[in-house]
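Naming follows writing order (A, B, C and D), and every chain is counted from residue 1.
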């Protein structure tokens, strides 16, 4: 099968859906002729024109709020916000409007807004260009939150997002954009709330997201050599969260580690741990462990930056420690 | 405007009377403790909603605020559905989920009211953008108070609508206060209409208690919008003659005299006087209409009071689409 | 000891600190002459004048952003935002500026901003006036998040907040404002990160916040009658979270329920459950349970509203179920 | 302005040269891969930072943006501390935590630069509010690009500063582009200065490549602010002659000719010409100054390159005060 990058995969998904559905339009800074800061709309301006690939002023709250009204009146806006840090300025429009319109209106209106853009620590981007935010969005009702780790999932989930009637946050880790993997040419969709078992294993369950899937995979072989068989699960969407797949795995392994780049408090790992403790209590042979990035803003300097992100050796050590429990 | 045909004027009268009657009833219900939540009436400002909405088609859309009863009815929401919603009943326009500040009726172009100040401006801009993408000739209206003018949403919304030449009307109801804070305190610039210039869009000031003037100004702006000439900002100078919300103090920040002065400029009385001045026998017609409206609202109130509350088991419905299942393993 | 309301207690705390410290000023809508929508500044305008009790236009992002700059240059702003829902428009200023200034500047600057206002479901306020948001703020580094449940704690913690060098979110449940309790006239402060054991007990630990402390307390007696002795803990601040006190209690009881009005996913209960599972695993005799408000926007109609908030009978039932595990 | 004493003009020249020299070195370091993060240079716009900051006292404060090297140095940050920060070293002005977009040096009134567009406007307004409460005569300056003008922060900040009459300068550097999006596309109104009227504050346009003109306009506005006459909006028309950030494309949205045209209006060359036209022998003085500046930056670069990286064990320091303990059981 051909291999394409994460970026190419999402570009394909978007272009295919735009070709099919004239109600889709994209808004963002530099997503018109320029094709997006991360090439997320490369070439689409020439295909679909300026109304459907609309460059915006720097007014995140404004164009996210606009998207709500547009979605309520029959179009399907894609907001390409570049860095997720920027749409904190639009948090009110997302949490109090977009996520609630369906409910507030007793189901009379829908707000199929797709909010997409980059997350993640790396390349000394500094603390205003490194946030991830998915735990925050997963906390609130009314939003789908997608955090793909590879090109295949990204394509299938972006297509699903563009066919969903609910608002979706589609968050793309910067460091994954140029990573390749096999992606079929044929049409496919991936449903929300369906985890992927990245690698089967028997001794310990590791749940990892986005970049951490790759960091964990890196140490799995090594651990195999040490006699530890890791089952690695990528939830792919954090809202909804596919807790069943995780529970099934823990039922088998009895041990669970959640590896997540972003903050621990009230994070994804906390939610998974709480649910597994509740529903898989008798399966647990050891405490559930979380390995998160440091609970601090993201520093700029490379050695500091590396220190606040879970590194493969730390992951390996956590797994060993958990096996020793 | 006096050459406006009589029938239209009577429609405007009926529209304003309907809102007023409905809200006076809500006031009393609130005092009697029958309304569970907050209730911001539109009393005194009816000319704005009615004047603007009379120029709109059913498929045009409006977005409104916490003070949205008037807009909702003017756009075509049946008072029954409004009252039932404010009473928290299953038959309300939002199924009892919304309440006074969250009214939705897309089938008549009421795309929603918001408890948060600001979003109506952005959402109306978004509807205008939809109409551009869909290549329809619909028009979108944002209603908002003077309190929203110094909010970033105003700035961002008006600018986007201008640069993309969207079919949007920005209708500011300057009733001089945001709760108790006067506009002249909050705003470095005493004129809202003049701010249009900052974005390169026309800004018009109009007497918001004169429904014929509002109708004229809005009609022109809507015509411009519909024919692709872009957005307009309209500042309607008006006044609410009831407290900010029912049950709140009213004379800590303004005087009884000022309120009374404005009551004498009541938009309904004013139109009535014009109609009667034109034709003395009109009094009877208007009287009959008042009675009709009263009957309509009687019926609506009864409907609301007799409607069932929503089933608590449905409390979590409609969070997501697809039969509100929370997880769609599609 | 005299009894005063929650509202009076915070008003006293604020007034005492303003009298001592001329650098404190308050900003918000209607907090000047009017004295605040919730009487949070009643009478202070006459004492401290318009510069220190400054009515604002409706520009939440603006005045929260302003507070950052003010705090960096030597004053101590108190932002009285009325309803917590409104400052979502200022989320960028809070999370990316106020919370990070100290870190970004390598400790050279501080941002002692106090952000205060109301949270909570009740009185059919509707979905734009009922949010709680503390899990979201607790997720991000750099913020102290205070959620008092009574007048005494509110006074001591507000005074602590006004003496802290860190930014603080001080969140006041609407339904608690008129509740009275004994509060000494003498000066006292309550440190962040110190839970209160509301009631000692032996069989099961219940952690509850804000209004839920009272709802839980209501059923404790009844349960006592049924032979279930509840240890009730009020963390008072959710960032920092006093996990030690909870662990000590679970060590004794072996059972833990967290009752929280707001959303479960990635919430406070999830965080507590994750930490207790991790560090108190061997103490647990049963799965940790969470009882949260429904994961939906807040409906208006009274029967729906009641259905999305944990009610005393639900709390009692959860405790009984947990005892049966 | 030509009657400005020679010494002051030479200071302005030195200030601009220092920024330019420093940034040209950063460009080369970036090309050589020595700068780990993004780097937005100020090349071409130096007259603005230098002209404005030359009018400020040490205890006046500034707030800046992602393109903040120039403001930082002009306000008094030693190039050593800037370069070390951009190199990610412990000796940088933010201890290596910040980087190019997060520069802090409160001791010289650099209260910070921000990677997010908008906050500088609000924070400067906040500093102005502090000075009002503290009753000092300090002045606060917000630097921001044309890209921030259509953001809500502009609207809310300028309005608050006006209604509270705060000692703030709003300095918009209109370099015509926000990344690649032209201002004339993003803005319904082609003039930034004219927007002052929307808030009731004076708006002044100035040639942002003419340091003497900037100095004069800023000086007057700062004088006004200091004496309690309130805020001013200044639009400096300028141009960046390097790409938006190092390593980015530059000729997809503008032509080489346009860039070259603006290079010919280089603010440093322009002042140099004026100085030399006044006095031919000035050439030597300026040459000597260039050499001095070069030596200063040589030293700064060496300092930066030789400085240690921060200790990874300190990565979580300074999240909270009180010795950065995360929980203070005070």
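Assume a contact is a pair of C-beta atoms (placed from the backbone, for glycine too) under 8 Å apart; a residue touches a chain by one contact, two chains touch by 3 or more.
Since the structure is predicted, the reported quantities are computational estimates derived from the model, not experimental observations.
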| field | Identity of the chain that, by mean CA position, is farthest from chain B | value | D
| Would you say A-D or A-B is joined by more C-beta pairs in contact? | A-B
| message | On a C-alpha centroid basis, what's the spacing between chain A and chain B, in Å? | response | 40
| note | Chain centres from averaged Cα atoms put chain B and chain C apart, in whole Å, by 36
| query | So how far apart, in whole Å, are chain B and chain D when each is placed at the average of its C-alpha atoms? | reply | 46
| In chain B, what residues contact two or more other chains? | 94, 96-98, 102, 114, 116, 118, 150-153, 155-156, 159, 163, 185-187, 319, 326
| task | Would you mind listing the residues of chain A that make contact with two or more other chains? | result | 56-57, 59, 61-62, 85-86, 89, 92, 96, 103-104, 127-128, 141-142, 295-297, 299
| field | Sites on chain C touched by chain D in the complex | value | 22-23, 25, 51-52, 54, 56-57, 59, 61-75, 77, 92-93, 96-97, 101-110, 141-142, 144, 160, 164-166, 189, 191-194, 240
| task | Could you pull out which chain D residues touch chain C in their complex? | result | 61, 63, 93-98, 102, 104-106, 111-112, 114, 116, 118-119, 121-134, 138, 140, 152-153, 155-157, 159-160, 163-164, 317-322, 324, 326-330
| query | Residues of chain B touching chain D in their complex? | reply | 150-156, 158-159, 162-163, 185-190, 194-195, 197-201
| query | Taking the complex as given, what residues does chain C use to touch chain A? | reply | 61, 85-86, 88-89, 91-92, 95-96, 99-100, 103-104, 127-128, 131, 135-136, 138-142, 239, 241, 263-271, 273-274, 277-279, 281, 284, 286-290, 295-297, 299
| query | What part of chain A is in contact with chain D in the complex they form? | reply | 29-30, 33-34, 37, 55-59, 61-62, 85-86, 89, 123-129, 294-297, 299-304, 306-308
